[in-house]
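Letters are used for the chains, namely A, B, C and D, taken in the order the chains are written, and counting of residues starts over at 1 for each.
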């Protein structure tokens, strides 16, 4: 079974063009059997880009940690499995890692749908579950014991956008265009809750089913409503379609707000989007980058010929968080690790943002808003930080807003 | 009283008229033949009477019931069944299974083993029981078709060209069988081969382009001038 | 305000036309193969996607859109020939082959979609082709990309050519003869198997073209294949198997339905309406609306 | 009595004993035990699909959709009204079976490809409905933490005992088919499969029998769906999409349609693949696609059907030719 498992790791890593050889070989060199963590993420399917980016970030950290002696004197080994962006597959993979590989913890999903599926399994089987990049609020709903989420919840993002607009243009008229997915529903729910309280008026609200490919008509509707800002949340390439069709219609880049932006998206929006605003949790344009942060960016860039975004950053921090928790727990025991995680008080290596989890495993919320300065093909882009705010997850009734 | 009573039956497919005001009466125990050139509406007639097609207009009574628009399986229960020009048996099943399936209709009050045995031997299928029906010769299949119908104790059986495609010797045998069949139930038979009609039918109906042009004993029908010029001329070749 | 309504009107019409034309093309391809060869190809959506993906790869490799399109069409013809030779012709004489073939092509669908998610899955959020023609034409307040105008022109051009072919060319007459009655056609000395082969080629090439045009006009992901398969079948059934006129008319209707529905409801409502229409036709007029 | 029947019956009994014994054997390894449970659910499904596809000759591609309806309904009843699983499951299944009958009505008018296409459309509509009416189904995100059925003492059914319950239902499902086929009803089904026009002429009410068949097959789908949901603990629309229907169909076609043993063999061989070969996850669609084509073109009888055919040929060869091949002449 072990051979079998190694084969899986190698096959998968090969599939994403990163050699898992290094990590595991180092592991052999280390004293003591590796501490296994199940990493179930999107290596195929619609969220592939997030999954592969995440694994890229993860690799950096695991290599560093294992070179520096691992955790508890044992190497950290992330057993990576593909969930095809399919919740059922995610559950199957989790079960396999739990029973066959006896992993101490689960991690990995970057899509809320797969994360929710694993959440159910982890909570039922009492396995610590560290979610790097999945923002659906219910992942930390009251009563959650084993799930910890590094990314702020998406309803909060919506709240944050409303706060941003309140400060930027009181009484702003806003149009919403978004795809129908758990993440998008949550963002919009948070925004719609906070909008009236922040004196923001919603003048158009357009929902697209998954797999939509065109928005000509809807863009025209939005343009006709003549808003000050358009919040665009398309799934995958559809985000570019929405953006381009709005720009074609003469909407100004400065009017377009993307709740979240990772590198590939920024490149996708392109130079014509210079001036648009996007939310994020880590960006090469941040004011508060630590030395490790700058270092990570430059090394990631030279390795992947593109700068990292918050996805890579969270997955880069995940092994460090686990390492610290394991050290505090003093043993690779699931219950001990869970307690250690809930007590953890630390900071993100790369940006110095504090990391602590509340009783539900939710994190102290925060968000940056960046403005695109320039986009240079698929190689680099420039952005500047224009807004930052922090808030407590339950400042809005987040768990009632999104079921 | 008459067993089958069809009055002013009409049917058209799109623009084509298949049947036009056809009246046919049939007494119990009688054997009625129907002749006519290809496309004269013979098979359409059988399809309608046996419930497989809906008539556009007209009346239909069988054994005292109004049967216009009744489903085939209802008619089967009333005792009206049919055979097919292109013989139709469950080719995928064994002969025995074919017979069993036919016997499903009359649960308790079905034929006794002995009667079934007698039928099977009469139609000389007793040795073929566990062969696949698809593997039988055409003649054997026609006999099986008969056996399956008779197993249901029909009052009227409508035969659509029962000797079609059979070899000369087989035709002779079939006619023999059918003559014995007359003792068992009333027969309505469509045929091309004059011989069958001449030797079987008590009475003949002639269809021409969907209309009944003659109705009477074979002998005089076969003398009928119109029939000869329109039909017999074309067939004897 | 009237400017706003004009804006919405123009966008609706243009979308309806483009979608409709592409639907019509694909449905025509499906209906020709089914109506003539009696083979319902469930994997047509995958062919459609294959064309789009191939074009995406080629343009990604630096080819110009026009060149890529021609190359993909050629590839499509070769592939269809291959498929016809390996698989399809084995079914020409199978009794009730339409079920067998439908199932086989469902299998083919699974194979192709599996391969696509393996090969293209990891990029699957970034499929857009560079435009064939640059620039934007203003229709009143509404900006219509010239690229989409080009797509529209090509689509209708091909549809017109298809009509001419079926109406006036010798092949077209033979094809219609086979549509109506295989045996009779065979008796009249038409080489039925040759017609089958030609129709399969023609049909799948048209589907390929449909995929290319769709990729040009819109961005796409791997899910478009299944949607297109179902839509194409819906159009074929409603329009009447074998009726290219039906494919065109119903295709346009569906295209406009989608465009109009998306003004006041989610486009899903459109999909539901297609399927509902299809079921209704299947149940109450299986021959379709335009069948002779 | 035809020896093949005896033979098949023995095989069936052996399989049943095996099914009821394995949970105890596998208790050590929860993963293999889980795979076993999934196989049992699929055996149940395959037997149901076989009832319609194998014996009535219709290919219901909306099978998974019906399973989905039952699963969602069952969860709704347990969560919103606090019903016990053992109450909600039969209720939901019965309801789903009635819906299955409604969805089957087209088959009374349509034949062959048109029916298959129609059932495909219905399946697509159901999948869309599961995705786009989230207040019941929570959309593409799916429902998780589905509570397992409660045991007699109220404790949640789990581990060995859950596997055992699944085994019992699977065996019961297959046994019911085995009992049904020789009955008059089963014989009518077969007649309709072989030639429904002839069946009607022989007095069989095709419409009524098809409706009965649809009710039964939907019941199988529904019960399987309820157990699937509680056993996996998570469902999403994808768990009940057309690919699932096709896979279940493949179990039947690959094993051998129209036999009791065939579909079981098919499910036992094919169902575990995606679990045991995690590395092949991505390839499993390709694999089943290839199998579908192979079965349709090369092995229409399935492996068990092929086996029976071979055996029949051998027997025929062994027997001396009786005089019945040619029609006796007078």
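Rule of thumb we're sticking to: a residue touches a chain if its C-beta (ideal position, glycine included) is under 8 Å from a C-beta of that chain, and two chains touch if they have at least 3 such contacts.
Fair warning: this is a prediction, and the values are worked out from it, not measured in the lab.
Novice: If we look at subunit A and subunit B, which chains touch each of them?
Specialist: Touches both subunit A and subunit B: D.
Novice: Comparing centres built from CA atoms, which chain ends up most distant from subunit B?
Specialist: A
Novice: Can you check which chain pair, C-D or B-D, has more C-beta pairs in contact?
Specialist: C-D
Novice: Please work out the Cα centroid separation of subunit B and subunit C, and write it as a whole number of Å.
Specialist: 49
Novice: Could you work out how far the Cα centre of subunit C sits from that of subunit D, in whole Å?
Specialist: Distance between chain centres: 34 Å.
Novice: Using Cα averages as centroids, what's the distance between subunit A and subunit D in whole Å?
Specialist: 40
Novice: Among all residues of subunit A, which ones touch two or more of the remaining chains?
Specialist: Correct list: 44, 84, 180, 209-210.
Novice: Give the residues of subunit C that touch two or more other chains, as numbers and ranges in rising order.
Specialist: Correct list: 117-118, 121, 266, 268.
Novice: Touching pairs of chains, all of them, please.
Specialist: Taking the chains two at a time, the touching pairs are A-C, A-D, B-D, C-D.
Novice: Provide the residue numbers of subunit C that touch subunit D in the complex, in ascending order.
Specialist: 40, 42, 87, 90, 96, 98-100, 102-104, 106-115, 117-118, 121, 230, 233-234, 237, 266, 268, 271-272, 275, 278-279, 282-283, 286
Novice: Residues of subunit A touching subunit C in their complex?
Specialist: Touch list, subunit A to subunit C: 16, 43-49, 52, 84, 180, 207-214, 216-221, 223-226, 235-238, 240-241, 248-250, 264, 268.
Novice: Quick check on the complex: what are the subunit D residues that touch subunit C?
Specialist: Against subunit C, the touching part of subunit D is residues 59, 106, 109-110, 112-114, 116-118, 120-122, 124-125, 128, 132, 243, 246, 282-293, 296-297.
Novice: Would you tell me which residues of subunit B are touching subunit D in their complex?
Specialist: So the residues of subunit B touching subunit D come out as 50, 52, 71-73, 76-77, 81-82, 88-93, 97, 100-102, 104-105, 107, 124, 127-128, 131, 137, 139-140, 148, 152, 169-170, 173, 176.
Novice: Which bits of subunit A are touching subunit D when the two form their complex?
Specialist: Per the touch definition, subunit A meets subunit D at residues 4, 7-8, 11-12, 44, 81-82, 84, 86-89, 91-93, 95-96, 99-100, 112-113, 116-117, 119-121, 123-124, 136, 180-182, 209-210, 403.
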